[in-house]
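Pasting the structures here.
Here chain A shows up in two complexes: once beside chain B, once beside chain C.
The block that comes next holds the complex of A and B.
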């Protein structure tokens, strides 16, 4: 991304930045000697997992650390030393020369102020400006960030805008005074992929037009690939690697970067059969318990122990003029003499595992799960008598079938009804009509006793592992509970609990722990063990890895694949992340506003999507490859998902579809087979090339 | 920023949860001290007939009010009655009313709140309207009528006070259960096939113990004070029986006189009790929450 200001002069420089925060057990060093350099008009991606210190870095640059924080090191903005500046100076700098966009777009806006007034305020706190000029400026900013109809939008309140719109308003506020540096702290993390693509596009355009330097703070390497010129990778409060985006993605110099990159799944290339994602063992350290020496050494396949990796903190070595790697073996890795991903991690799984995991098709045996015409409607209540004033069809007639041992992924954006579908199938919410059969037993008409028996055969794993475990129960009690409820508690039961814990990759030492004593990945493993306790045949996985750190995800996904192969489980996997489905599932169903628009084998649907929505969805997912990401054609969807209170007639996607015609408005498209079980519900199906760019 | 990533670094406490809870309580010095104070106080009051140096109602009109001295450690009142003896005897009534009201109102309030919060909809609406009704009742008037009709026994006082206190616990528990109910671990329990009763008893109630215990401690304190208000208005325990509240009320007139010492005995007794109950409640709350690390 070369902006107009191609001259490489640093606008923001961070040198030796360290931050110590008081903790319950003594001071905690959350940042340790961070060096960064951001050139004018360029983008620096700052990548790290939760707790790596990336947000603290951003806040330290802004001078927004809590008063109890002790900061050392230098922060220089265009020749002005910010680390010695007093609060008055900083107030003049913030919002005028450096501005920040936060993750939560609803929390960042004042709910009782019109958005136009909020943008105006961002301007008027820094300079005097006439009322007419101010109004024009606000409208100009709103259209700059791609908000249609800015005159009307300026008079609206934040809750009247969609999440994507609100994030654009935040960006408009941030760039209101043409800052030299824009810090985007996980600015697109809470957004759906299609909306994320829109917002990233806005950032790109802003940078081209105003030559703003962007510090892009994120955990998502895919986002970085498309937008950043340089990338800095953080781990446990230190920069472990820094370099130009292409070189770093092509040849990572730090084993951590290499592992993060290898753990990513690319949608533009099908997953080679039989390969497994690389799982980094363990989880990122807590900042009050950073291992001595290189903080990554307990998880590192290359660590030389005890010397030097376990003892000495690696200095940032300047490998090539443009790259720094803080690894004792970084030089060897960069020169190609050492492979950062050892052979056993990249080896394909045993042939037997592969055949069961990927070879079970819908043909084998009667279906495990059959869903027909499922409709789930939520009443919307209003007024003082709480009467029903509207209805939301969260699931609006869904048909699905799942063979024993098969994995079906359900993808879609927030509000498409995929989670309601998952809960309806298990009758955790009461569906309105249609039928769900598990092994031929009707779930929706089941009596209490039948339902209880069904609960043994079909289990669910939730998104947030911490919330899904009772904080007052030990791991042993949590895993044992299903056995007790179903009166399966006998002399062998304690051994069964130990077996289950072993099966999910934990050991007996975890049994007496409470959920809060475990890491996110371990918590999710406990939740999986609980789901397996009664020996189910069907697991509903509702966003099973979304809440986990990227370096932990691959391990949990591998576990799920192994369990499926060993136990012959059927999975109904709900995910917004297409890569998770591509990696784990045989087939996929794409949902939009309560309906399945396309379904078929994973490889086929993702490589040659036939429905315009699937095409947009696939194209919006960032590809973790800078060269591809910069050049590839993107289908940006216009506008937002319509309100489910008042869905469009006919095809629900037609309001945002470029192929829509009159027929789409009147006739609901019926799923038709395009060959090989690839069903598309569209009046004008066809591959992407068939329509204009 | 630094939560939820403790991998295997914390040494695993291996004792069963019950013993771990006990160990956690014992490590909380203030709570242990408070519990000891409370037990001693209760024991002393229970043993009042044997411990008290004088009969509580023996008057010595010739002696009159004397400040604390060697034979009357806390002095005597205007009728020459020994203050220490009276405090010990009064404590039997005050403590039992306080603890009984605390227990009863907490039990009723927790049950109502949990059922309302978990059942939702109509049941919730109905129970909460009843709760609101009790909240707006003119408490003192109700008390007066009830005590006139039913007699002025301590049991009636306990019932009436509990009837005036349970709503606060109910409201807090309901609010807590409403938010807990939406958590995924409750849904996970339902998915496993747990019944409503099991969810309330095994998953919801243990998670509201914290607020319940704190509220119970407040209720004990409030009941002791409320009983004194009642007695002051003439509806409480009747002479010759007495309570800390009554003694405090009787001594009120002496605030700025040489006989101000009459306030100290009952005042300190009430203060000690309320403080102790609060500290014990605080300790219990932490014990029931596994997230508070053992210190």
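The block that comes next holds the complex of A and C.
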């Protein structure tokens, strides 16, 4: 982000980098002629979906590929050729001149080594240093990355730290020797948005202070917009487009980039009513079956077939001095002569296939779902006799109502209780107290038979379709199973299964396939078809697109929108991604530590949030627009979510709230209507100055 | 830490009670202690013995008497030798403990070394060779292995080298009346320890290899490589300690298995330990010895598991008892 004069010399150069890995059906070319250039003190964003080769690029630069990989091409770091260096030289370079931060999972740090020792090791493997100086340096690094109380933290093990804290430790380890280049590979992907904002801030500060060049590898265009100077977009092992971040976001030159950007929902700019985001058809190719010619051509609205797009691999064309586009029609797109966005041509869903089809859109009348005072407590057992030593109130008194045909989103960070809420509503976990009524029928006190009938009317779609579909059942058997369980199997049933498959955008050819033969998006469509089989009125969607690639998400979300319109379904949609809720839902409920802190119409809650937590949450979501992202004000939350074992008294958010006073510590705030069904549970509600549009 | 040990010791009490009761019961059901006095000319001999052993009362009562005496330190006298059971057990246990300690130590060293070496060369020629050897070790019956080892390493090798006495001893743990930690002692240990551990060395090395291969693919190993940690340090500091964790559990479970191996090994090498004591007592139905033997063995296995849990806590901060 900073750019003094000396920034024009490349510190890292990658030229013609190709990597071939052995596969079960012969060698697979996972990288094909990748060129990159990273200038000193600058940030290059490397963007792509899973399997596009971005992580392989990072590992190839570091010389960390598996021994079976064959690498060709050149990697030069500050004048040193890394591609010809032997392992010994590379060991000396890694961690000293070029360092890497990996995706923050518990496994990224050695579980049996104190974090202080792990940071110290990064230094001692490269130079001799006295014990006292080493200790001071470790503590200095820990405070540099914003870890409070570094003396105590250094003596702890990774499992004693929160996810955000562990990622800070990884960064401290990587910058311990002031490397010239820092590679951050999905470094914030596993983190909650508020923690992601903190960690990105750490990266920003480190770069400012040490003039480190950062290679930011991510699938999140929002993160790139906020941090990168230049962006390279990868698809199927090749760089398809590269350029300055502003120009590339403002006017993408490759149809893939354009489609990715168009498929995003921006929280700061609500979708105009009546329009829908454009979905990219298909899914990213597997690297062992990359289409000939341009790998994107089967999904590309501009593809000229068969020539040249289906035959010739497009070379990177230098469009303007600063930009490269590897597309046969890139010049036309960049000059504005061609609109790269596909025309939406999806047939509307046939409303007649399910007999229970109802009206469209939210309807008035008795609520479809009523949740009152719902509490779900998990006992924590410990000690010798497995006695209950603590209670986690995962859901701590939640009230919700959902009208027929309405879509209610529940958002919040991991551990806030949203998934437990979803499962409690269907009694997949047993709630402790409160009430849940579906069409007035009490779910929690329902007998077996009643519950069975209720489950016919309320179905669930889970986050990970690969895990939630039985791998030994065909698609037809999976979709038919609810019909059999609920004794709805009759002469028409096979036709109904075919109709359901058609409704979710698959065809009869998929019926005999097994889940592993389908892509993630197709799997999730099967899961949706299964949920629709019994003709439900309520669908609980638990993170339905989280496991999917960005280019596939829009298609599934559009499908969900279509199905709701056609079938009059009510949705209870659980998501950590505010944009997904913004696109799909009418209303939203924001959860923090088991409680709903704010609820109301989506547009209102997200544009003028009244609760300080909602404000911080909205502010933490990166906006995929470099101009906005650079200038907008951020609200950075301090610290981590408190332990649900011992939640703060009064308002549970008060320990991280800037408006908190004594009253917040003693009195639990009651939801109050701020007008138009916008309820806020806060003692000091109100818009944040300088926030909102 | 201390409370953890105390708790575990307390938890062992019911296990010991159940184990001793079951063995007491089984011995009473299967062995008639009056059989040997049946031939006696004294017509009252059987009746007297029945009364002394309270054989007319329910098994539970008989067991209660045994527990009462045992708590006073009286495990009874052997019906075979007339010697106090506690003294016989103490002597035999000491001998067997030596075998087990050396065996476990040697097996762990060899298995970890072989496992790590195979994992670092996974898929290579050495790995395949060691894998084959491991399966051979698993498949070979210990008594046969012991006899082969005596023939080849003691008899044949001694002849080829033209030595006047066998290179490795194969009767007892010392020659003649020798004692103490001497070269003679070590030469006597080699063959029994090999026979005792051939199976578990094979098993543990396979286990260590699998665990090491898994750890080497872990993200934190990649993190360490990205820091510039050299390979030797990577293997020792980062991979080995993590890879040892699952092995510790398996090792503790296998101590029970080793007691079975001791029975065969001590028989082959004429070592007067727990194994031989068991076989000899079983042959004549020496009830007091058999019951006490079971309890001591159970206590030994429980103690081994406790040690393993403590070692686990030492190795892995995540499960450290608080």
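To be clear about the criterion, the second predicted complex is superposed on the first by the 661 of 693 C-alpha atoms of A that agree within 3 Å, B and C clash if a C-alpha of one lies under 4 Å from a C-alpha of the other, contacts with A are read in each partner's own complex, and residues count from 1 in each chain.
Operating definition for what follows: a contact is a pair of C-beta atoms (placed from the backbone, for glycine too) under 8 Å apart; a residue touches a chain by one contact, two chains touch by 3 or more.
If you're wondering where the values come from, they're calculated on a predicted model, not measured in any experiment.
Novice: May I ask you to decide whether A:513 touches chain B, chain C, both, or neither, giving the answer as first, second, both or neither?
Specialist: first
Novice: Report for A:378: first if it touches chain B alone, second if chain C alone, otherwise both or neither.
Specialist: It touches nothing on chain B or chain C.
Novice: Which of the two, chain B or chain C, is in touch with more residues of chain A?
Specialist: B
Novice: Identify the partner contact of A:489: answer first if only chain B is touched, second if only chain C is, both if each is, neither if none is.
Specialist: In the superposed model, A:489 contacts neither chain B nor chain C.
Novice: Touch check for A:472: first (chain B), second (chain C), both, or neither?
Specialist: So A:472 only meets chain B here.
Novice: If we overlay the two complexes on their shared chain A, which of chain B and chain C does A:56 touch? Say first, second, both or neither.
Specialist: In the superposition, A:56 contacts chain B only.
Novice: Spell out the residues on chain A that touch chain C in their complex, using ranges where they run on.
Specialist: 62, 64, 87, 91-96, 99-100, 102, 105, 107-113, 121-122, 125-126, 157, 159, 170, 173-174, 384
Novice: In the complex, go through chain C and note every residue touching chain A.
Specialist: It comes out as residues 7, 11, 218-220, 222-231, 233, 237-238, 241-242, 245, 315-318.
Novice: Under the stated contact criterion, what part of chain A meets chain B in this complex?
Specialist: Against chain B, the touching part of chain A is residues 23, 28, 30, 50-51, 55-56, 282-289, 423, 426, 428, 451-452, 455-456, 459-460, 462-464, 466-472, 474, 481-482, 485-486, 509-510, 512-514, 516-520, 522-523, 527, 530, 534.
Novice: Can you list the chain B residues touching chain A in their complex?
Specialist: Within the complex, chain B touches chain A at residues 1-10, 12-17, 183-185, 187-194, 198, 202-203, 206-207, 288-291.
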